[in-house]
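Which chain is which? They are A, B, C and D, in the order written, and residues in each are numbered from 1.
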């Protein structure tokens, strides 16, 4: 999971990009980077750490230019180090000329890389961003293609998820893969600045005049002449006739204040809670979320059930987000550092505890134990998605199948493992009801139906 | 506002203290420090920055010892720099021998310092912790007093708020001022380790066998023989016959999962919301909190009104807490970085917006504007405390009176300034109903009745 | 002034290059850099500071590869910063592919750069190394030339001094300009490693089996097949039929243990001293050098005169070399930090003080004053070169003409300025006698006859 | 070996101290430190590294005060780390009150430390400076002695070498041990500033009006009333009736431009050379020194012999001084990095190579080999001191006896080891002739007669 940002034609491009990255920090906390273009050269700054550390005002003073693209990273392919951090830049005799950042993952990475390497293209990292960049630049520089044609060729042959921003010295190209796996929006500020971001919440912070989502297989070209939208039929580039948006962006990953895939994320989550409650026979005293990711699901559940929504768990916000800490060991130890129970809250209560999903089950197991120790009579666990049984190959860092508890255990076994009194997941058919165009989503992590491999 | 921690008799004292400080990070984010005692010497590490930065595992490897005391700081007296950061240590020919950390503020600081300086005592900072430490050590080293007697003398002559932990090479002394302005608890782990902290939530993280609050004027002495509680009548050291707990700890400062002054903080906040709703004639469509500090107040309000509690504002947790950023300029610019509205949420709605208090009014003014711009028909602002009209001299960094909007403006003027349709504060008589012993609290920031000056 | 080094086909290439740079540190102390080639990629490390700081063992551990080229810099063109530090690397789609380091200066830099820029070539610095590199790579990559042909074209059109080492992923090219302004040697170690350096002393440290100087307009190509020497008539590339070695390398710049331009530097210096003494009627009590640069000149002078050679000035070696500190202010203040007189040494003595040259005259003025204050009866200043009246455009950082004291003052005026009792320079006709082929040298800084402009 | 400096009553005290330390850098290159007193507090800065790195102008800006004492260290007792670096400071309730720096070594360190520790005095290091400081402060603070009396007691009971500067908040005390092992001078600048230093060359840089050596057992007290010299008969504090100056300061350690123990160092060295030549039957073609330490010895030798003095070895000044690199491994590898031969210089020559002393013999062995490889017909090694057979306990870091080549090998064996054709040492009776009061010196490293143990 990563977040990207692009700013075109603003003398404070780096500052605006920083604000946008800041709003997308939840999408990646390991490292961040920015490429800034002053019309002559492209400067690059990448570093391990949070946006506020890497792009503090003192550093921004040195990053002058009109075009900026940026990235927050949470490692999928490649180790969590600076060499795998985006953006990537291609230098030629004519100077650093192309910079690219993307969010996603490439399914046929090895194959494409081998072809390019056989043609003499050099790779410094294992990152998909470098692959996409060099694929395009190779077509342009060595085969004389126009950039738009090179991107279309990419859409045809490079398979996977890639919401992308490419900057040249004069232009910005914004596009995403034909399946539209990951979100991607762009917009315009009142002063004419064009901005693009993974999530709409990152555009909101810049107060845009208008913003809209990019279509699958669409290419937005921005230059001094304005914005040009190049639309192609995505079906010519893909094996299905539907989009394959990542349903997990709604369930967990995106910020609730984002508008993605034509939906308000928080509304989808409230619906998830509603459907979760519908068939549920339990009569709890109280409904509590695992904060903050499950707040809206729990709110929807509580409303439907007409049972009080309460906060029973307090989260310490001075730690990162569980899901994206890269090492198992850190994850385990940090559970108790992250959550505390309200004192005298649970005594004798029948609790419905709501979470968005179960990956390994180790965190939720500890939370159930914590709540029971705090006096709860019963803990009924409700999960706002179906059992996560399959790994994702399109940009979410789910572990290998063998580590996914639902891939080897039945629901009753999972319940016993986590220690709750009951356990219910949201059936996939109900999850599909929470969005207006269910056929346009990828559910591979739940059903194993990978749209492209 | 600061948070303190103490650990006695544990070979991982520094690790445990770090966990505790971590849970108290909301009480101070500017700098932090720790003094670790290995029986022979006391080592000191203080640095600007968050706990997770200053006491990362690599640094903890070098901080070995059985006794640790620590501090997170949010500057009151003295500039935000390392010289004013706690703990403080007194070295003598026999080595670093005393370390002290405290939370509070001293009213007669100048007077006490002048007396000590006239006796040759040296001060390296403007920090109250250094004053208290050197006051005690002077009595002990120069006048031959026992430490307990020195603390009793301190309680008599040094006026103000001071929840304190003093470490010698062999012992820990935990005590607070006779008015018990600030919270302070101690407890025992299963392995015999004694721990003390500003807030109970910092002890919770260490999973104590038992914990309790320290009485006003009480001294807890911990050494190899165990725990000794030395109780004195606090009235001999104070000008009133009541405690003077800071009511603002309940309103805003403490974590909701803490138990302080004999109350569960979250329950006080829910009561605040309830009383706020009681006399309120408005019939809103929705009740939303300024997250996260007003969540429980809004929850109490919504329940009482039987109106839906919702989240309409989303907070970015990758920034610090507004109230404790030390510079005005940073505060203003960071409002839009910190909050975003849910899209399509407010359209045509009659909103009750709940906040805990209004200091300068600049942040809430911007939030009201944001919500109205998002489509709200009406915004009714409800504040969970009376108008803040007076500065605090006991450890909370309220600005000077002239900066407090309520010190110069009437409620209707404030309403006009912040731009809400209506504005109601919680009357002081109702605030007093939210705690079981209202006479044991200080309300000086609301009524100007300073218990000690 | 700069020093360069190249190592081919040694698994400890970076270590050997570091040793060589270390021996050339006197040629540049501002910054240093190295490019290391592991067969796949070329890694670059450049930093302000001395070789021992920048390439310490810990850093060398990360610089693995079989080919290394390095540079120590003392700024001529461009500010003293990291962007102007060598080596330079050209990256293309096929990765970092060419690395180059050189010692010299380009007379028609602006003209050549403009031409290249008009063809789209990008420059990140004002450094002549980048110009030479991109000139060559442009011919190779864009015009399909062989590297050797590109270098020959360079020799024809790019005017100035450039002792150069170019590394590709597989080969090393060593060459110098057709005038052979700056020294340049190469050699072979017993294990087959090929090494190249500005001065022979940097090869000595590597204990070579043999070493020799590179001919003007010669190109040495080193690859897995061995060493190939490509000789061309230099006259086809130059406006004279003679070499134009820098005479100042003998006078001051090179290390006395180097063998350059077919001469042992120390022997030239002894001859300078001898000729300086020849016509000199003074009968001093003692001859002392300004250490260490004038030691051999003074030795030659003393021997010829049959007067005792002594050390009267002690130099503190913990400061840099006067001539190459880049700022006037540092130079002035550091005189007294750098030299001290022997106590009770000068009392009543008639002293001949020998220096190699006078640039601004400020340092020697202070030394004369110091010696007189120490009791010398008379101080007779003898300079081992003619008056320095003209700026150098071939790589030595002489200041602009107006700052050269000899450009505006007659010898008697200079004598009065520096405060010596007498002052004699070495006449140019005698300087020419100190080398075996005087017509093969450039004396432009003395006579203003610039061989190429 | 260490160098110390003291400055009293100058608003740029830290800058002057830095210049002095700079001139004493040859006495220690491992670490340096300074304590600066602004009348109220004493600030301390210590760091590994050279003076120019640790006390650069940017750092000096923060070191304001009227009194400064400083130190350059080359480790004798204790590891080469920051904890063993001087100065040391004692803090009490009245603040950091005493700072001390010294050069020397304490023979009965363990005994004195044990006594102090039994009285509760705490030690943070293994450094003799801390011992001396705390010994004095204990007498003053705990036993009510005047500082001068405490120093006299120190002279009586603490045995060894200690040239010392002690700073209080108002005064400077300068003194040395009753044997006067190490050099120590003080002086006065024209503006009234009082300065003190290990070597006179460090005072020279400050251009003093007058300077003189401190007598054994003398205490110089400097305060606002001026300079007071307190002289006592040193014999009451020592076991001999003579001074025991370190003869090795003349042979090797001090700078040739220093005046110490009533002698000009360079003149002693010239005499050493003269006596070395006297009985020597060899008729060399040339005399060359191991530069720079043996320059004057070789000069004296050459003059006496009427044989040309020449430079045959060139030293790279960008490395440290062999003798004071602390690790054996670094020493061995760095020989070839440090010295090079003049090309074509030695061919067929009969060379006298002059060095000051032989410690382990490994460096000189490599130099002899280098010279022979360079073509010398014969190499005759002449050493300006007797065989070094015993370790020093008074401040010079000679290795343990077993590592001293002369402790186990006869001269002929040493000659065979180092590979020279002949080898002659200066007999001790001749060494004694080089100084005017030979009975006032310690020759323990040559004859094993330790004046105090």
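We take it that contacts are C-beta pairs under 8 Å (C-beta built on N, C-alpha and C of every residue); 3 or more make two chains touch, one makes a residue touch a chain.
Since we're looking at a predicted model, the values are computed, not measured.
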| message | On the document's contact criterion, could you list the chains that touch chain A and likewise touch chain B? | response | none
| query | Hey, which chain ends up farthest from chain A, C-alpha centres compared? | reply | D
| query | What whole-Å value do you get for the distance between chain C and chain D if each is reduced to the mean of its CA atoms? | reply | 36
| task | Report, in whole Å, the distance between the mean C-alpha point of chain A and the mean C-alpha point of chain C. | result | 56
| message | Using mean CA coordinates as chain centres, what's the gap between chain A and chain D in Å? | response | 65
| field | Chain pairs in mutual contact under the definition given at the outset | value | A-B, A-C, B-D, C-D
| Residue numbers on chain A that touch chain C, as the complex places them | 40-41, 90-97, 120-124, 134, 137-138, 141-142
| request: Flag every residue of chain D that touches chain C in the complex, lowest number first. | output: 19, 22-23, 25-26, 50-52, 200-201, 204-205, 207, 255-259, 264, 266-267, 292, 295-296, 299, 303, 308-311, 314, 316-319, 336-337, 340-345
